[in-house]
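In the part that follows, the structures are each spelled out as structure tokens.
Okay, so chain A shows up in both of these, paired with chain B first and chain C after.
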Partner chain A sequence: MTKDFSIIGKRIAMVDAAGKTSGAGKYTDDLSLPGMLVGKILHSPYPHARMKRIDTTRAEKLDGVVAVATGKDAPNTYGILPVGHDERALAVDKVRYVGDNVACVAALDEATADRALELIDVEYELLPAYFDPEKAMKAETDLIHDNKPHNIEKDYHHVFGDPEKGFAEADHVAEARFIANEVTHAAMEPHSTLAALEIDSQTGKPGRLTVWSSTQVPYYLQHKLSLVLEMPMSQIRVIKPLVGGGFGGKSEVIPLEIIAAIAARKTRAPVKITYTREEVFWAHRGRPRTIIDLKTGVKNDGRITAVKARVVQDGGAYCSYGVVTILYSGALLGALYDIPNIQYDGYRVLTNKPACGAMRGHGTVNVRFAFESQLDELAAKLEVDPAVIRRRNLLQPPCVTINGLRVQSYGLPECIDRVVERSGWKHRKGKLTRGRGLGIACSHYVSGAANSIIRSDMPHSTVNIKIDRDGGVVVYTGAAEIGQGSDTMTAQIAAEVLGCSLSRVKVVAADTDLTPIDIGSYSSRVTFMAGNATLRAAEEVKKQIALAAAKKMNCAVEELVFRDDGVFNSKSINVGAGVPPVQAPGGDERGRSSPHRSQDQASVSGRVEGQILRGSLQQQRNEEGPKDFMTFEEAVVAAIDFHGALAGTGSYAPPPEARGGKFKGAGVGPSPAYSYSAQVAEVTVDEDTGEVIVHKVWAAHDCGRALNPVSVEGQIIGSVWMGMGQALTEEMVWKDGLLMNPGLLEYRSPSSVESPEVEPIIVESIDPEGPFGAKECSEGSLAATIPAIANAIYDAVGIRLREAPFTPERVLAALRAKKNAKLLDLTEGIDPTAPERFREHGGALWFKGKGPERHASDPARRTEQA
Partner chain B sequence: MTKNVTITVNGVERRASVEPRLLLVHFLRENAGLTGTHVGCETSLCGACTVLLDGRAVKSCTVLAVQADGRNITTVEGLASGDQLHAIQEGFWEEHGLQCGFCTPGMIMCSHDLLEHHPNPSDSEIREGINGNLCRCTGYQHIVAAVKNAAQKMSRPTAARAGAR
Partner chain C sequence: MSLPQFKLLRPRTVEEAVSLLAKQNASEGLRATRIVAGGTDLIPSMQQKLFEPQHVLDIRRISQLQGIRQTEEGTEIGALTTLTEVEHSDLLQKNYPVLTEAARTVASPILRNMGTIGGNICLDTRCLWYNQSLTWRKSCGFCIKKDGDLCHVAPGGTKCWAAFSADTPAALLCLNAEIEIASSAGFRRTPLREFYTGLGDSYRKLAPNELLMRVILPRSSAGYRGVYRKLRIRGSIDYPLAGVAVALSRSNGNVSEARIALTAVNPAPVLVKGASELLAGKIVDEELAEAIGDLAARTAKPLTTSALTPEYRREMIRVFTKRAVLAVASG
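Presenting the complex of A and B:
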């Protein structure tokens, strides 16, 4: 009995999979209420303009229109962070990007609402707009936000160690500019919110508000609604139905969530707003276009002596998560390798485009692409194997990095070894046929931010558990299942601790009226934090059961063992030797709970089991006298008879020593634990067309302990796949602040045919503080994929691509530049060696149209005329 | 102006008076109350709204309700027989062929068409077969495994399948 777990570590099908395969599961847009109205939002057609006048009377007069909401209905500003409260649900004085929210029509049906939008008269005064962050930073006038000089949302300048000395000691220094273009989450479910306001039956005034929304952060949504609507949080209930993917795009308050509530308050009727796919692109909050000037120094043996990074992020028109994003970019230069000296200058810049926010691998991905590419370049220069140079720069945990990050479990060395072994690296690297190559890269990520967005000392996760008389376990958690397996993880941990079968456990999640506070599904925090809280809550309930059971079994509490739906006296029974006479419901030989099992459970819960148990079992027990074994139900009944109720609470707050240093900006980056990843990618490059094909990615990920290996594998594969999308095809293309590809045809998410085989390799470093040793597995792998592919392209055809995605145009330009051949029309303006010029047109050379009208002194217009 | 249509959905004949521009997907979700068919892009790109029209997979956001007049529609809700899920639904469940589940009904319906015509597809045939359906969670790998799992189950005689449980 090495890993003596009965539910942890088993390949368990998602506990919410039934609703998702049968069509019975409900997402927000599937819900409707009697008298429900449809909300439609009027968006700004201009990237930067003052709103001089807004007249909604014509729209209001249209048959079927119930109300039109504008900025003055809820003018309070908000933002997801404690700083940078610069957003309004609906614009009041200015619009700042094409797509900014101007007004909302609530009507009886969608067609009427759409017609009404055209009847709203808005008079705009155009202002010069900024689309290029490096130009926006030079602006003196017509600022996007008056209180942000030079359109800089935030800049940070960190020095750790002595970078100058570090570079002086280096034998080789590499320096280059890298660019990663903007990408977005494109979760399959478009955002949707249904808001309903009750009328207080005693006063006749507006009462409680209930909001069903596609959100990763129900608690933050409740908090921001309270701020904007000026309602106490206790008067707002946020319910998260099934969510069709998030990836960070639903990890903050999206305008429609507040707008729906405003419209519901104004109309006194339920209002549902569901974004069109195009609106999802405008809502955005994706990964910003990032310009990285990176300098790395190494000794001849490959040891890194210093790193200097200047990072400029094109943040769009509002702060959103921007301050955190720019800090992550610098902070997570540390905690992967041992870097003695770091200089970081980060600029988060405002531009007249949709706000960027958090996206899978938040803040770390683009910088990791630059860093791992440059390390590969240095390895080539030093003639050191790229896998070996990474091994030479390992941390020696437990340790605290130069920038104050505490590292305990560290599976990176094993990750590197495993991918090197599985990919045949040693005998295949550099020896494949021309045009085919292998590349390696590493990455890491936080297992939950150690510091909450809401400045308070409250725990980050709290979980309640209640057990019914028939042994049914209900776990109440605020953690938001968004497809990542949060509910399943919670159920597994509760069942493991209580020694009961998984089918007994029901998870009630993400309903602010019922579930205790959990700050949400972001920063890969759920397994670590909500998992730990579940574990503690279950331990507390278990203690109560054990007390009662020990009394009945006439033994010490310490002698009891909970497993296989029973409570054993470990002294007299050889646990696990097949003694339990109970039929454990759920879980076949492969450890999966099958549909049939769930039905068994449903019928068990359906009866008034407690009543039967109380009479018969107690009587039976009294007759039998003390014994060595009780079924889970018997023990639960004994405890409930003892305590009157059976419930427990557990919570988790990151320990103070994991919360980082004291300098300005030190709060972002620290985590109780870090996940690690190493990957090898195998690609071919077509030298005639510039097309890159990824054949296979070997991805080793240190997730501490795999609580559910099949789910961990799913997360690793999904992360690698999304990284490949950013590496090869995904890019938001802009012209004068107008998104050229706001659809799933033009925004190229890889199809099933284009997707490579990913071999997920689980590495378990057993973290000392994670629940059963577990860490995150959903984000850390993404960042390594892009540089692994870039490095594989170098191995295949000898070109360094410093601008992502590596589209055929960019690959071809680099290939032709290498051969000193003339650039083709197609690739003109693409400088693969130093991609420093901002290219508004991106790859969209097919676009012949004109963007929105521009102000005479618009910088973009001046450039065009010049 | 509305038009009368009679559409058989999952074996139930439904009569309705609909606007000619009403899309089949909205007919299914709003008139028939079958919300298992999802709208991911409303432009026939993502495939989340895939249903069977007379047994063939179609994206119901590019079919008008009036075009389905007099025809048979099967949605994801119509696949299970009683409490017994269809082999494809089981496959997605057992092989972790879904995460957020939003694309899943479309993937299942598309796979249904694929397996009807290619009962024993190779991995690359499965990838070709579901190429019109997007997923952002899985990287498709577990979906391919799910369809394979279903193909194996479906190729076994029904009695043997039932006995195996």
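Presenting the complex of A and C:
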């Protein structure tokens, strides 16, 4: 059934677009308050050390310094997961990575704060440090966290079906180790927080705390601030200004958010901290570098019989979302294809590096790279078309997968068909010129987690709507707009349900004092969950308006149609002169009402003087008797007169049957709906240099229903682009736990020059539970890009790269090995076609001789002295 | 990251500039005056506290240093001429195409609008262990180039291997460019190839009281065919990880004169010794190009100063040189 929508499904510019493009929009760092101080954080220079002494006296004496905060100002631990409360805003006893937070100076200006950092004296006792997860797992002593033996944050061992039997039945088995190196979000806006504590004017004691922060999760921030500062949540207000990109990097509480509040409390003045880009890299929470030992068995016809994966994630020094990440890596082996037998062993390991966390495609991306690459290998071995082998392993929804994931809408077959068709796959694959190739891969992602981080029966999203006599619709939502279009989506759904123009809708979002709880913008949950809550709230309000309007119009509620800023009696819609016909809405096709239209309408209804006349207008209407049509404003006024007020609320909690199985770790992976993606990438490979150029990516994505196609396309293109970054150029380079490229010059996100043409193809499977059938569209496409490129490289030049990114040196090393060319050590001793371990940057970190005076803490020197 | 505090000096003439330089430097030592033109090199480095000068001399108001002019000896390019101007100069494109091509590859269009030819010639050498914040360098341990006495890329070594990472000097070397330098003592001219020392730390022969005024391209190099090939990971923004410039003249299909220079693989841009001799009088073919590539690869001494491995960068010098030679010869 196709439904005739007036706002849903239309190409609508983001409601905050002009503010952002004109520079008028305010991000956190744009804000300032009278008397505001600048906060700067002292970071650990050592990867693992005990703090023996910290002396801030000299710094405090510096002119312009107001206070120096240290760990003892707020020693409570916190963490985004209830099982992972292992962080402190500022270190108390130990530092665990280069960049760990030690102290914070609040000063009158940034230069003074920077100078003061140099005056803080910290004495460290260095501890052995762990940089490689497989080595860290063998450790018995000097553990990173005392309660985590062998530095294992968490390990899971899942068996579904009978994998051994599955492999025994297989005609072919492929087995290999894959390595995906570490990447980070690289959002344009660095993290920034402004915290201000009201001082009670009567008692002089600290009162309410207000925090403006670049966050994806205002509610969680409010919660963690409450824990660490020991303040009731009701005394803390979190406001999210515009956010310049999150991608997961702002989906948990980042140290500066709490540190700014601590400093504000200590100084009794507003304090703003904005990270440098280097600090953003230290705060990190990106995608961990991952070892994937993968084994796949298939029958001769390509049907998968069993999959076994052992995944080791180098999680960094703190838990962060780690437990969830390692579970997603296993759980989302399911729900894409029909896999009857799965064995999964996942290890989340602690190392002395910045903490990894959630990043676009959370947990699924690296495993998907391995899986889709291996499936490609098997297809080649079986001489089955790689597109066909994927079609032979489709699920048959509605169904529940072997690992307990409920799948209802499933647009994967259509996604595959569309990219095959659009790319000319059937007549071009394998027939391109030398060095040019096509590769296909698929991926999927959750539309929000069915189980929230904090286990409770709390709804995941609640939305309030209030309409007043002015006819303005105000939607209050805790959902966090981070550039993905959350506010626009909310406005569109409210306007569609209420039949009003988009310009009537004002979205008040992500302010914990004003907006009801929403658990935030992560795991692609907002459209599905906050969208459903908005839908329900709007329907509740609509019901109230309909009751009053039906009475006025002397008809049944069911006969009313809300559309084009009016309420119509559907039975007599075509009679009655002067009624704006439904077929000719005055708004433009982007769903905004035109200014001319409201004038026309005003003259039609005899309303010229505005709202003041409404009472008499009402009177007039009453005298005129029943009507076939009321303007939206008239209907609203009638409803307020009838009910006394006009407000509605809606909330969303995932249905119990979507919440997964009962085994340990079953909570992560289930979602009310999954998005699906298939992609074909076309590349050329320069066989002398190893350089890979991606020419085009055809990306089909099943988003249920595209509420705003232009926004969906933007998300698909962005996902492909970000995936291409991880495939070709982006890599955090490490040397003994020191990040060698903590900046956007040396951490290379693709520039516009190497950005390929991306053809986004929207597939609509109309999910039975999504708002208007919608599912997620922001993350699911990323994971397919990496293996699509890997498979295209294989098609072009016949090399199978098992280590990402496919930098020119890795590609060339593989090409030379294939040709038996003279051996050159292009890749620090790691074979990119059969990687065994993570690569370290060359050179040496520590001095082996004398250093300048102020570098007395060099460990080599210390041994020398001892 | 905040800039360290400094006093900005803004002279309007070369004379004023060099007298300011002469006055400031005597007592300042490590905190000697830094000269800023486009600022694309100096400003990020100052934020990282690689330089904390007491004075910064902004030369952008000195109109004498602007522009491209034809003279009797050839073509002069004022030090303040932006890389965008160099890139789009018809005169240079016609007579010295290797230079315009090299200029076109520098960083990104926005940076080329700011960056100048003088700044590109004087560009600080770069190293992954050096171009880092003060906090980072403290954590890692200071090196020879800044505050320390040892090298991370050549452990145990006492020489600095930071790589000279500008694009245009390789092209300028191929063109036998000279530079003119001013100081309060007067003017001096030097061939560009003698400007660089080959050391990563004190990489150029420019005294603290001296100012680079212009670069002079000799008439004898005009009309040379030229090609510049740059290794980088991204098609924009990146510094070169290896760069090759080739310029040659031909008569009757044979090479008459040729010069090849490398950048980003040594602490200085270097002319490949022996390349001219190998090429002179020959018709370039695959085999000869290969031999030149091998020669260039032996000249390159890349170390772990950047993200790509030294072995790969050296190999690319071989490949890029070969390709550049073939491209110039066949063009």
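By definition in this document, the second predicted complex is superposed on the first by the 798 of 866 C-alpha atoms of A that agree within 3 Å, B and C clash if a C-alpha of one lies under 4 Å from a C-alpha of the other, contacts with A are read in each partner's own complex, and residues count from 1 in each chain.
Everything that follows uses one rule, which is that a contact is a pair of C-beta atoms (placed from the backbone, for glycine too) under 8 Å apart; a residue touches a chain by one contact, two chains touch by 3 or more.
This is a predicted model, so every value here is computed, not measured.
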item: Which of chain B and chain C A:P742 touches, first, second, both or neither; value: second
item: Partner chain in contact with A:K664 - chain B first, chain C second, else both or neither; value: neither
item: Which superposed partner A:A187 touches (first chain B, second chain C, both, neither); value: first
item: Which superposed partner A:T276 touches (first chain B, second chain C, both, neither); value: both
item: Chain B versus chain C as contact partner of A:T21, first or second or both or neither; value: first
item: Chain B versus chain C as contact partner of A:S752, first or second or both or neither; value: both
item: First, second, both or neither for A:K138, with chain B first and chain C second; value: neither
item: Residues of chain A that lie at the interface with chain B and also at the interface with chain C; value: 276, 745, 751-753
item: Partner chain A, residues of chain B touching it in the complex; value: 29, 34-43, 45-46, 48, 75-77, 79-80, 83, 85, 89-90, 92-94, 96, 98-105, 108, 124, 126-128, 130-131, 133-144, 165
item: Residue numbers on chain A that touch chain B, as the complex places them; value: 13-14, 16-27, 29-30, 185-190, 242-247, 276-277, 482-485, 592, 594-596, 599, 710-711, 713-714, 717-718, 720-722, 743-745, 749, 751-753, 755, 757-758
item: Footprint of chain A on chain C - complex, ascending; value: 1-5, 108, 128-129, 132-133, 135-136, 138-142, 147-150, 152-156, 231, 233-239, 303-304, 306-312, 315-316, 319-320, 323
item: Chain C-touching residues of chain A, taken from the complex the two chains share; value: 43-46, 98, 110-111, 114, 276, 278, 688-690, 729, 731, 733, 738, 740-742, 745-746, 748, 750-754, 807-809, 812, 824-828, 841-852, 854-855, 858
